[in-house]
Structure formats: C-alpha cells, structure tokens
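When the chains are written out, they are named A, B, C and D in that same order, and each has its own residue count from 1.
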Amino acid sequence: MPWDRNQMAARAARELKDGFYVNLGIGIPTLVAGNIPPGMEVTLQSENGILGLGPYPTDNEVDADLINAGKETITEIAGSSYFSSADSFAMIRGGHIDLSVLGAMEVAENGDIANWMVPGKMVKGMGGAMDLVAGVRRIVVLMEHVSKDGSSKFRKKCTLPLTGTNVVDMVITDLAVFARDGRKGPFKLIELAPGVTAEQVKASTEAHYVEA
Amino acid sequence: MPWDRNQMAARAARELKDGFYVNLGIGIPTLVAGNIPPGMEVTLQSENGILGLGPYPTDNEVDADLINAGKETITEIAGSSYFSSADSFAMIRGGHIDLSVLGAMEVAENGDIANWMVPGKMVKGMGGAMDLVAGVRRIVVLMEHVSKDGSSKFRKKCTLPLTGTNVVDMVITDLAVFARDGRKGPFKLIELAPGVTAEQVKASTEAHYVEA
Amino acid sequence: MAKKLHDGAKQALAGLLFDGMTIAAGGFGLCGIPETLILAIRDSGVKNLTVISNNAGVDDWGLGLLLRTRQVKKMISSYVGENKEFERQFLAKELELEFNPQGTLAERLRAGGAGIAGFYTRTGVGTVVAEGKDTKVFNGETYILETGLVADLAIVKAWRGDSFGNLLYRKTARNFNPMVATCSRNTVAEIEELVPSIDANLVHTPSIYVRRMIKAASNEKRIEKRITRKEA
Amino acid sequence: MAKKLHDGAKQALAGLLFDGMTIAAGGFGLCGIPETLILAIRDSGVKNLTVISNNAGVDDWGLGLLLRTRQVKKMISSYVGENKEFERQFLAKELELEFNPQGTLAERLRAGGAGIAGFYTRTGVGTVVAEGKDTKVFNGETYILETGLVADLAIVKAWRGDSFGNLLYRKTARNFNPMVATCSRNTVAEIEELVPSIDANLVHTPSIYVRRMIKAASNEKRIEKRITRKEA
C-alpha cells in the first residue's frame, strides 16, 4: 500500500540528524515537523527571517508579527532568533542549512527540479525556492509518484521551467525512495513503500535509476 | 600667517552642514570634531563600527570595548549605534556618509590621493582609507602645503601609490583652500590663509589650478 | 538638526514623490508593511511607479491598493500569488513584472544600499532567471551576476524608533525592511512607537538610513493565514 | 543535541586544527579579539597558518603571539602597523602578506559566509589593490571584482552567549566578529558571560553559526591608546 502524505513526511523525517538546521517547504513538507523523533533536536528555519520555529499558536498567542514563509501564524521557542531577509538568505545561500524538504512538480534523473511554475497558468513567482535549492546542503523532495493524469513526475528531463539544476539528493514519493551521493551518478532505488513492488515502481517511473 | 593645525581643522569644519554624517580620519582631521559650530548637529562615524562618537572618556568612563578607528578610547552619546565592520563599510561604500576629512601625503590636480604608503618604508596597510575615498560623498583633504623637504604636496601627479583616483573635492592646506565641483575640471583657489598671497601659493604649488 | 519626525505621512512624503519614480517597500506578505505610507502614496495620485517589494499585497490592502488605482507600471517581486487584480492586469499586459528569487531580491537591495554594483550567486543558474545575465565560474561552479538595486524612495515599517531615527523591528516583521531602508537616499520610516532611546548596542537600523519618520496612523497588521492549535 | 558549550579552549578546538589551515579571527586592533582561543592555538603548535584578521595583534598579545612562535605563514589583513616582530618577519621574507582594504576584507568575509562568490566594488580602483583583478563598468563607473573568503576555522569573541549558541557582542568589540562567525563551517566562539537566554529579537549572531563555544578564560582586553579627558 502506498504511503500517505503523513507517512511520506515521516520517511523524510528519518533523514534528519540531531543538531540539524532544517528548512521545510510549503505543503506536505510542513508535516515533517510533526514527525521529528522524540529526543532529537532539530532547529527549523523559515526564510522570512526566523531560526527556531515553534508550533502554531493558541488563539491567545496569535501575533501578526510572527509568521512563517507560508504566511501562517507561528510561535517562537527557547533559542529562537530573528533576522532580516538578507541575513536569512545569506544563511541559506552560504550552505549553513543542513537540509531542506521541498515539494516538486517534476524531478529529473540528473537531479534537476521544477517546482515553481506551469506555463499557461498564472505565474505566482519562485519566492525562495531557487535560493533554497541552490544553497541548502541537502535537498530532499517529497512528491506524489505520478501526476493526476498518471504521468511520471520523476522524469528523464523536466518539461516545466526549472527551479534548479542538479540539486536534488533524494526523492521520496508515495511509492518509493530514490537517493544518490554527492549529486553524482544516477539515483538508486533504496526503499519501497510497504506492499509496493520494484516492478510497480519501474512501470510508473520515466526516469532512469539503479535498482536496489 | 599660515594657518596652524587647529585653524586648518576649523576651516574644514566650515564645510559641515547641520544633519551631516561625517567620518574623520586620524591625525589633524580629528581636530575637526572640536571645531563643529555650536548648535550644529553633526554625527560622527568611525569605521570600526559606531555612529555617534562622543568625546574622549573620563578616567572612570574608559571602556576597552569602546574605541574609534584610531584605536583610541572614546564614549557614546544619545542616539549612538553600534554595528559590524561589514555594516559599517556598507554605510561608507554605499554613499551614506556625507563627508570625510582625511589627511594625505599627496593630492594630484586630477583629484587622485595618496595617503597610505611610502615605498621603501614599512607598509602598515591601507586600513579603511581606500574604502572611505571610494565611498564617501565628499572628500576634504587636510594637509601641509609642502612636505618637509619643501616640495609641493598638491602635485601634477601623485608619485606615491594611490589610495584612490579622482576622489578629492577640496584641499585645505596651511596656506590656502582649493575646491572643485562634481569632481570635474580643475581645482580653483578659493581662499587664502590670512596674510598669505596668491603669489606665495603659486610659488609653492606644483599642481595646476584656477586662480580665484 | 532638521527634525526627522514629521506630523503625518503626507508631510513626510512632501517633495519626494514624482511620476515614473522607483519606490522600494519593506514587508513580507502583509507582515511589516508600511501601511500608513502606502495609503498616503495612493492618496497622492503619483503614477507610473516601479515598485520593488517581495510581494504585491492583496486586492484591498497593502500594495494591492496602488495596483487597484493603476498607479503601478512595474513590480519587481519574488511572489505575487495573493492578488487577483494583479493577475488581471498582468494577463492584460497592463502591468510589467520582473521576478527575482527572494534571496536574490534581498541581496540586490542590500547591495544597492552598500555600494556593491553586482554580485555572483548560484541561485537561478540554469533557469529562466539566468537568461541574459553574465556568468562566471568560481572553483568549478557557475554563478550568475546580479546587480544592486537602488530606489528614489524607500518606505519601511518599524516597531520602535527614537527621535534620531534609529529603528527596531519586531519578530518576523523585520524581513525586507532593513535592506529597503538602505537602498535609497530618501528613506521614510513609519514607526509604531516613538521611544526616548534605543540601546545603542541593539539598534537594527542606524539613524543614518532614516531621512524622515512618522508615527504610523495605520497598524491593522492583517493576518493572511491565521492557523492555531488547541490549548494544551 | 550535541552540546555546543565545551569545558575549555583545548577541548573546543579538538579535531579542528591542522598544519597549513586557514583561520579567520574576529577583532579590531586588540578590541574584541578571541584571546583565549588564540592562546590555545599557540599552545597546540599548529603551523603554516594562513590567518585572516584585520590586524595582527601586538608583539606580545593577540595574533602577535602566533607570529612570535612562527606559526603563521601568511596574513590577510588591512593594517598591521602595531607589531615589530611582524615587520621583521615580513622584511626578512619569512611571512607572506596580502593587504585588503578594510571594507573589502569585511565584505569578502560576509560574502564567503553568504555564498556570494564575488562582488564588484569601487574601492581600490586605480590602485595596487586592483592589480590582476577583473573589472567591470556599471553605469559608467569602473568596479573591481573581489571574491568571497572562507576559512577552515573561525574564532570569535562575544560578550554574551546562550547554550544554543546565540551571541551578543558589546559596543565596538563587535567589529569583524559577526562576519568571521559566518565564514567557516567550524566556528568556535569564546564568550565572556553565559546567559540563560537572549531576546530572540536582539540576537547578533544566530546559533546556526556557532559550532562550539567556551567561556573565555582570558578577558584582558588591553587598550592600545588610552586617551582621556578631564572630569568636567
């Protein structure tokens, strides 16, 4: 049975290590926060200028001056700090964030990613996505294995405008996990969702990858 | 009678305007601080990271964490702020400082300045001098008219390694004041020290300039 | 010294507005936006504006107000998804749009304020963002050249300010405000609270960057996505 | 989380030192220098160092201690006038020296920490500093290309730190420390005071930049030019 969204996020959470500084994208990646193993200290950054994100506020705690990059109300925790957008992206671009979990529309077998625009649809903008994929040390993508029309989202080449080239280290879908080291060589199928077979994955994946 | 050092500094102080942010170099330029007209508010910056320099401290006020760019103990005043060296030079390089008064070994008739090294002598380094002449909106040089060997310090060309090219707006010596607008065209002799004649200035100046 | 604190937004903007000008505005979404100054710019009727701001407000608040009145010719932003009027004008080609990656936009504003004419970043390499831009290889990696941005007028929102013009921002309402404050010779700040002094060691924006200042008349601080959890 | 606070300088530097490495150090003159860590680096005997620091200490304090023991191969600085042993080694060609304008040095450290490979500045145009460097014209003015600096180890001095590694500096002892803290993956901070917490809104260096931390054992804070005025 394929992983559901929370199970996908839980699988991504297994990539975290104690002491990591992590940026989580909007959508499914935000579910990773709820799956950090107890006892592990992971500090979340949001690119609008906070290190040390706490949970959503209670009604009494809501503060219009305290939001995340998804513009949702949040809270601070012990050890938090605030900084400007320039300082925030200095942190991101300078390789100080250990890992980012992002959603995607497409990932290519060479590590390219497309997650910011669909030609013909209204373009909302890339926000911080291009900076994150270019700057964070390790990029984990969380996405459905196939799109609504059934086509593979892990592809030979991206068809949509790129967010970054050769930047993806791991792809976690509802069916399987693909990974590679040092952004070199092909991705390798390293894990299957329970009950999903390697053949099923093969059949629904356009990208070339190495079998486990 | 030529101006003495304090009179030169007082002449430089007449270039200040209410509300100016000013950086004063080491040496004679520091005397400008004592010559700011009463009632005029001028904020002094020091490039090691303070805006709003106060006077030297009393014995009780001495604080090792509070020095100016000349490494002298200083004080803060109402409205002061501290910042990093990067932020300090962003302020300087970005053209936010209205005026700087600097010493010089040589100034050329095209506005070049040399004030950081003498070949053959030990080189101490340029410190912030190159950043100041490149970034501050208006550069006023305070220097003796002639060097100890009697040669003109306001020259056709600088002979010493340059600090900056075409950056000087005004030269104040013990004999006279030369100025030009917009860093274009020749300097003009605009003022003589009391009792000093235009002929005397002419005789001891190598640089071409326009007579008053 | 010429007093920095002015009685109102109209007075603080007097002489600083002209048609066709470039205005940089602080804020992220509706958080930390100079609400009062935006309203005054709308009321001034100044037009053909190029506006540099990470976002473009919503239909009826923030910079969306200037879009509605058709005062904006061009936006330089990273994300504009929250504004239907924006979409309409853009699709009708009534509005120019230049997308910058958010970090590139923040750094371009800092560079403009810091006298850095251009800088090399990996952000956007191999994407549409790189089109037409110079590239250079450093240590085997390709970087693209981005340029500094300056504005004819910068408007920022701060939490606290003193009479000298030193500013403090609050929490994530800081965002783009500190760089925007540096990118113009004409920076006007609106502050929520005027305080007698700010600890010199803790100032966010030094007074040198603030030319004029007002007490904010509008502090609505709308929340775009109010998400809460139950009390424990 | 692995505890950032270590018992002493030796422990905090364990595994981070190797011959031929590059070390960036905060401080301006003798103000805000990581005294304790410099002493520990001296005692470690590590050699052939390239040291990035605005100044080189004095003969018997600060980085001058590492010059005296001949542990330094090269200095990258803006001003080194206070050190006779430095002069002797330099004139005897025992020591390499790269001068950077002070603002360029500060910006190169920030750029290195911020993933900016290079930037264009007017500083040094037409001087020896420009020799061998790329230039580019922006808006009719010539700028020179300077590159980002990174270090194998960064050492900084802070006033206060919390257990997370957030830092506060004091007055002009801040100087180069904030950029130096960002320019390495291995930043060790020595703090004068350990505090339970620092207001999140007022942190100078966020915890992410501090890998290890110690309480400073040496806080001499020598004054180079003690100038005083008479009591009023």
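To be clear about the criterion, a contact is a pair of C-beta atoms (placed from the backbone, for glycine too) under 8 Å apart; a residue touches a chain by one contact, two chains touch by 3 or more.
Everything numeric here is computed off the predicted structure, so don't read it as measured data.
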Distance-maximising chain from subunit A - centres being C-alpha averages: B
Candidate from A-D, A-C or B-C with the same interface as B-D, over half of contact pairs in common: A-C
Chain centre separation in whole Å, for subunit C relative to subunit B (CA means): 35
Distance from the mean Cα position of subunit B to that of subunit A, given in whole angstrom: 54
Cα-centroid distance, subunit C relative to subunit D, in whole angstrom: 33
Residues within subunit D bordering two or more other chains: 107, 110, 114-116, 121-122, 169-171, 200-201
Subunit B: positions in contact with at least two other chains: 50, 76, 82-83, 89-90, 92-93, 134-135
Pairwise touch network: line, ring, star, complete, or other: other
Contact pairs between chains, per stated definition: A-C, A-D, B-C, B-D, C-D
Residues of subunit A defined as touching subunit C within the complex: 46-50, 55-68, 70-74, 76, 82-86, 88-90, 92-93, 112, 122-131, 134-135, 161-165
Touching residues (chain side subunit A, partner subunit D) in the complex: 18-19, 21, 41, 43, 45, 50-52, 76, 78-83, 87, 89-97, 134-135
In the complex with subunit B, residue positions of subunit D that touch it: 28-32, 54, 77-81, 87, 90-91, 99, 101-107, 109-110, 121-129, 159, 169-179, 221-232
Residues on subunit D engaged by subunit C in the complex (per definition of touch): 107, 111, 114-122, 136, 138-139, 141, 143, 147, 168-171, 200-202
Subunit C residues touching subunit B - in the complex, by the definition given at the top: 1-2, 110, 112-116, 162-164, 166, 182, 185, 197-198, 200-201, 203, 206-209
